[in-house]
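The following pair of complexes shares a single chain, chain A, combined with chain B in the former and chain C in the latter.
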Partner chain A sequence: MNRSVSALLRSQSATLIAIVVVGTVLLGIASQGDLFSPVGLRTFFQFLAVPILIGLAQMITVAVGQLNLAVGAIGGVAAALSAVLMADVGVPPLLGALVPLVVGALAGLGNGLLVMLTRINGFIVTLATMTILLGAQYALVGTRTVSASNWEPLAAVGKATVAGIPVIFFAAVAVAVVVALAFRFTLTGRQLLASGDNPEAARLAGISNDRSVVVAHTASGLLCGVAALVSLASLPGVNQSVGGDWLLPSFAAPIIGGVALTGGTVAVLGTVLAATVVRLVDTARAEFQLAPAWVNFVIGAVVLGTVALDRVRQVRAERRRGALRAAGPQNVTPVEATR
Partner chain B sequence: MNEPGLLRRFVATPRFVLVVIIVLLVAVLVAVKPSFLNGTFVIAPLLTSIAVFTVVGLAQMMVLSIGHMNIAVGQMAAFGAMVSGITFDLAGWPLVAGIAAGLVAGAAIGALTGWIIARTGVNSFIVTLAMSFALLGLVPTIYSSLSAGSAFTTKPAGFDLLGRGSFADVCLVGWCGPAAIPLIVVPVALVMVLVAVLFTKTRVGRELLLTGASVKAAELSGIPTGRRIVLAHALSGALAALAGILLATSIGSFTPSIGDEFMLQSFVGPILGGTLLAGGYVSVVGTFLGITLTLVIRKGLELFGVGIETLNVLLGVILLVALSADRVREVRLRRGRTPDASGAATPEREEVAA
Partner chain C sequence: MTTTPLLEAIGLSKSFPGVKALDGVNLRLAPGSVHALLGENGAGKSTLIKALTGVHRPDAGSIVVAGREQRFADPAAARAAGIGVVHQERNVIRSFTVGENIVMERMPRSAGRIDWSKVRGEAAACLALLDVDLDPATPITELSSAQMQLVEIARALYTETRVLLLDEPTASISGAESDRLFRVVDRLRDDGRAVLFVSHKLEEVYAHCDTVTVLRDGESVLESQPLAEHAHDEIVDTMVGRSLGSLTVPTRSAPRDVAPALELDGVTTTAGHHDVSLAVRPGEILGLYGLVGAGRTELAHAIVGLERITAGELRIDGSPARIRSVRQALQRHRLGYVTENRKEEGVFLEQSITRNIAVTVWSSLARGTGLVSGRREREVVSRYVDDLDIRISSLNQLAGRLSGGNQQKVSLAKWLAASPRILIIDEPTVGIDLRTKRAFYELIWRLADEGLAILLISSDLAEMITLADRVAVMDRFAITGEVENDHDYDSMSREVIRLIHADADAL
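Let's turn to the complex of A and B:
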């Protein structure tokens, strides 16, 4: 069972790597090498950091069987509050860089506690907190754009490159590595997966599902905060629209990356690769000067295709298992998925 | 089903609480701001938006009845409205035919969504989310390729009467109706009755609710659950399209931004009205009251000059408080602390209040 799951994930990642490679080559040819020019490379990776981070943020909540509709709102509020504090109150940029992280973690903690205490569906809780936070974001920045000149040192980090690749991309990759290690090697990480896979079994094994939910939402919020920090550093300014277009990419990355929506699995590499594919679509869109709406259409279609294909694969695997069972000496009662 | 029992049961529902809150709120608003009673400029627009958003709430309620959700409710509205707009603008169809085309388009996109869900067994949240983004990409693209200013502005005969007319335009034997009541409430009231009849009086409606209460039980009782799932999503798409078209008639043109505000409202209305997220229980009147409450609050805030961001914060808080209160009541009922917990207050799961 374990081996087949990891094999499936590996095959998904292999497919994604192939898509990334082929897509990059085709796009490189189509753009006559522009994609591989210093500017092209820098732009590509600069705008890849946020999709990776929000994809991971969503992945963590999905892993425990929850979801987080508020990713964009949390990121937006975190960025807006930090920007306003630095521009209007005069908070030094170093301290201001911590604000998004704290705000994100607190907002996530709030989501987790609400889900735990009220037992309301996580969808509705995060829908409600999303609207509250969007209101807060609007109250903070209103219709103005807070210019990045208020946090020069941070913006410098956002522009810095190592070997032609932006530092913020490396930061996103580092976060991904930490998340992967946490899920593989820490007790908490394993507990989150256990709670997501089968809450009843996790409870019987002495794992607190409540704690898992709260930890997952807090971690998710924290990653939204990191994404907000990255936006703060790389965007020319912060306004009401920061975070507004994060929702679909945040779901698209883990779903295309092979994370089961029912919880219990994570695929950090898959999520990162899927975010890269989405970024390639966006780059292609810019290259061929199509309307931005096309990206939404393509991603929506790809997500639909992915879930449908996944299901087909699953049904086929089940059928194969069923056939094996029928051929065996005695019929074993099939174990049904709990959710 | 005797009369006093019915009354007592109504008092115990969220709907009664909503009526009380709405009445109190309106009383306070009228007392503080007498201009709230201005027929043409306050009441009529309020009723128009209540009418439109009630249909939005019903669109969501339709899929909530089977325990699904429709994240694409706003985009389906945009899609249906777009098709209507095309038939008016490019084909010159009359009002009724164009609206029918929009409804069919909405139903078709909803049926497609339902078919994908039933066929693949994937969570409705993800399928409708993906669908919403596919449409979010498709609709503006079609608008910009088929129209000059990204809007369809041709108005067939009766278009303005439906969207902006009031009973003052309807005169019988020299007596005209009040200008405060827009004509748009007529089709919406009709739709509410139809949806209520569907769930209370028809076999299909009961089967939808049973599917929502327990897919397995429904399957075992011989209900074609797959087909019911497709039906629920098709009806949801058609209602969403109707809401989009009605909104277009009231603002005067078809634009890609129709439906942008629908998603949150579509959940708030039914949930405040007592519709269960888990499926198996719906309330048409509750949905109407839930929508009415949020829109009265919105109007009140507007009268006081409070910004839209406060409304958002308030809506979120109301949603959380309402659901938490529900949760607290449920827990107390289970512990048996309330004296009348045994009989009236344990709601039958598969029932409808229309």
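Let's turn to the complex of A and C:
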């Protein structure tokens, strides 16, 4: 117990918790308490649900050594199709709520199958499907905005709060808990991590890497679908722009949260905390009425900084390890070293 | 000796948090000599090499190059002082040709452009100096790993290296390739250069080295002594720090009357094997010996379904079996494959020890529910951690933090946890120290005594003769013969070598 506490303290999560606490306090003071007003709290958590979900969606693909450039496009199409079905076709909201989940999972499954069957790099595959899905989203909604008045019951859920905190935030946290438990306790979760860590070793241990890749993309797509559902519920309407700004935050959360881009690791708590940090930056931007471009600048800089810091930490650890295990393989090759 | 040493380390010390990796090490490399650096894993050999080549800065002591004290700020400084190193792993630019790889650190230029004819000419000169017959225009990827190693030595010569450090150069190359490497080393010696040679193979050290330094726990316990004055057993005792005595081969009676657990009958594979037949009975260790590239690992791959069998038959317990994947091999036939390359194929560096070992039993632990209980996982794993004496601080420790020998044990434990009846073990002791090696030998015997059928692949003839009940010899993807092992090194090695060179022309 003591050990796990001290491990937590040394981890990235501890740093992130500190940043969240300090950031919240500073922002609370700067906004003269606005942040902690009922409206302030509700807004803060309402717009935290989607970043958490898309961060987790990206984390799952990164864990198997893949990535998913189509997170926003999948979410956008899923939301658009559902909106059009409810508004134009008259699909009841209860059924309409299922549409984004199904669309998301199917799109993810498609990505996974394409990667598996063509053996083409996941970057190219998801870049291509992203473009296709963006086209589909435009075809569905064009330039109009489908008003949320078409799915009143759903929008009501989006506005519902418990103790002043939006229900959709609790839903996102619940999803995070499920993802964390899945990686910890299920056979599939373990296999995904093994495939991401060392595909060759996984294959030789009887794990199907193909299956891992397909499962990861499908789960990732499903989470994009959940994010789309949350957007449907919480936004005043659905148009072409839904999902358009998801890509960078989806990578920012897991990377800042401590997930190795090389695969084989997950950090659910870290991803949730990092999404919270990004949300704080966004709130600060609104508070000080800075141009939205500043948020992108700050997030981009933080992502770079995190990756650079992580790299420094890694090199240090490797040096230490290399020394402890003096006869182990070389970490520093002369070619690298002379450059 | 009055000649000035080309490289001298005096009282070199280096500490890392929690460990003193080098503790007052002394080393003298005389011109025109080959100096063996011996020691178990973790004794400090690699740290010493890194300290001598500017990767680590020593805390105390000095490095003297040809009479002048030097402090290397970085590897480039060591390079400039004429100290070159060829690491155990290959270190070439795969998109370059042989020639470009040789001259890449100082590309010959004229008028600001690379002078390609000079690249070829100077590279060819370096290769000629080593008497290596390679065309500088060949893409490096067409070379064998042993040939790449020679290219790296040529690269060191190109930058006027006077002292060459070779870190376990023969760990992953075959006997014939080693012979060629030693011809090159002899040339360097004749040329008046100094070579520091790290190896775990004492036979080749005795055959090719002049002087020796032995490291133990970061100290030089034998310092730059003429090798001829120290007997084999004495060196081993110095390395391990206590007299282990020679390993006694237990008298094992491999059962003869039982049906083979694993049998290949006239097997042809997509990897290129033709008409391969062999049989392993329960309780028996069948050695599969051959040079690197003879097709042994590929045969193991064919057995576990990573290559296809196109003709002939694979039989398990007498009935024909069609294995399409490692999972089938494991779950249907309880056949495990301990891979050759632990780091690349055997270990999940970012996962805990528990997960590394339990990976083969997850599906049976999760049967019905899809859930794996961490507690049951640890129960399975802790048994093998104790059994194999894996040195860890906790079951949650990441496998990447373990030493090479312990990683090897983790890789083996993974297969034992799956309780196999047939085990293919590929090069079990490459790059691990003597003590761990002995532990491995005893373990393999014990597994056979417990009734496992073991197919042992090894390039180490001494290991083969120690462990196997019978030795099958493979050359160019075919079995050239099989020998009953009488555990007599002289007669066995003659017999086996004869089978290898039965129809091979000298390399």
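Side notes on the structure shown:
Throughout what follows, the second predicted complex is superposed on the first by the 314 of 339 C-alpha atoms of A that agree within 3 Å, B and C clash if a C-alpha of one lies under 4 Å from a C-alpha of the other, contacts with A are read in each partner's own complex, and residues count from 1 in each chain.
Here is the rule we use: a residue touches a chain if its C-beta (ideal position, glycine included) is under 8 Å from a C-beta of that chain, and two chains touch if they have at least 3 such contacts.
Quantities reported herein were computed from a predicted structural model and do not represent experimental measurements.
In the overlay built on the shared chain, the residue A:Phe185 is in contact with chain C alone; chain B does not reach it. Touch criterion met: A:Leu261 reaches chain B, while chain C stays clear of it.
By the document's definition of touching, of the two partners only chain B reaches A:Thr129; chain C does not. Legend: residue contacts after superposition of the two complexes on their common chain; A:Leu193 is shown touching chain C, with no touch to chain B.
In the superposition on chain A, A:Phe297 makes contact with chain B only, not with chain C. With both structures placed on the common chain, the touch criterion links A:Arg203 to chain C but leaves chain B unconnected. Chain A contributes residues 3, 184-188, 190-191, 193-194, 197-198, 200-208, 260, 264-265, 319-330, 332-335, 337-338 to its touches with chain C in the complex.
Against chain A, in their complex, chain C makes its touches with residues 14, 16-19, 21, 40-47, 50, 53-56, 74-76, 79, 85, 87-89, 91, 93, 105, 167, 304, 306, 325-327, 329-331, 337, 339, 343-351, 355, 359-360, 362-363, 365-366, 370-374, 394, 400-404, 414, 431, 433. Taken in their complex, chain A has these residues touching chain B: 67, 114, 118-121, 123-125, 127-132, 134-136, 138-139, 248, 251, 255, 261-262, 291, 293-301, 303-304, 307-308, 310-312. Against chain A, in their complex, chain B makes its touches with residues 69, 116, 119-123, 125-127, 129-141, 144, 264, 267, 271, 277, 307-317, 319-320, 323-324, 327.
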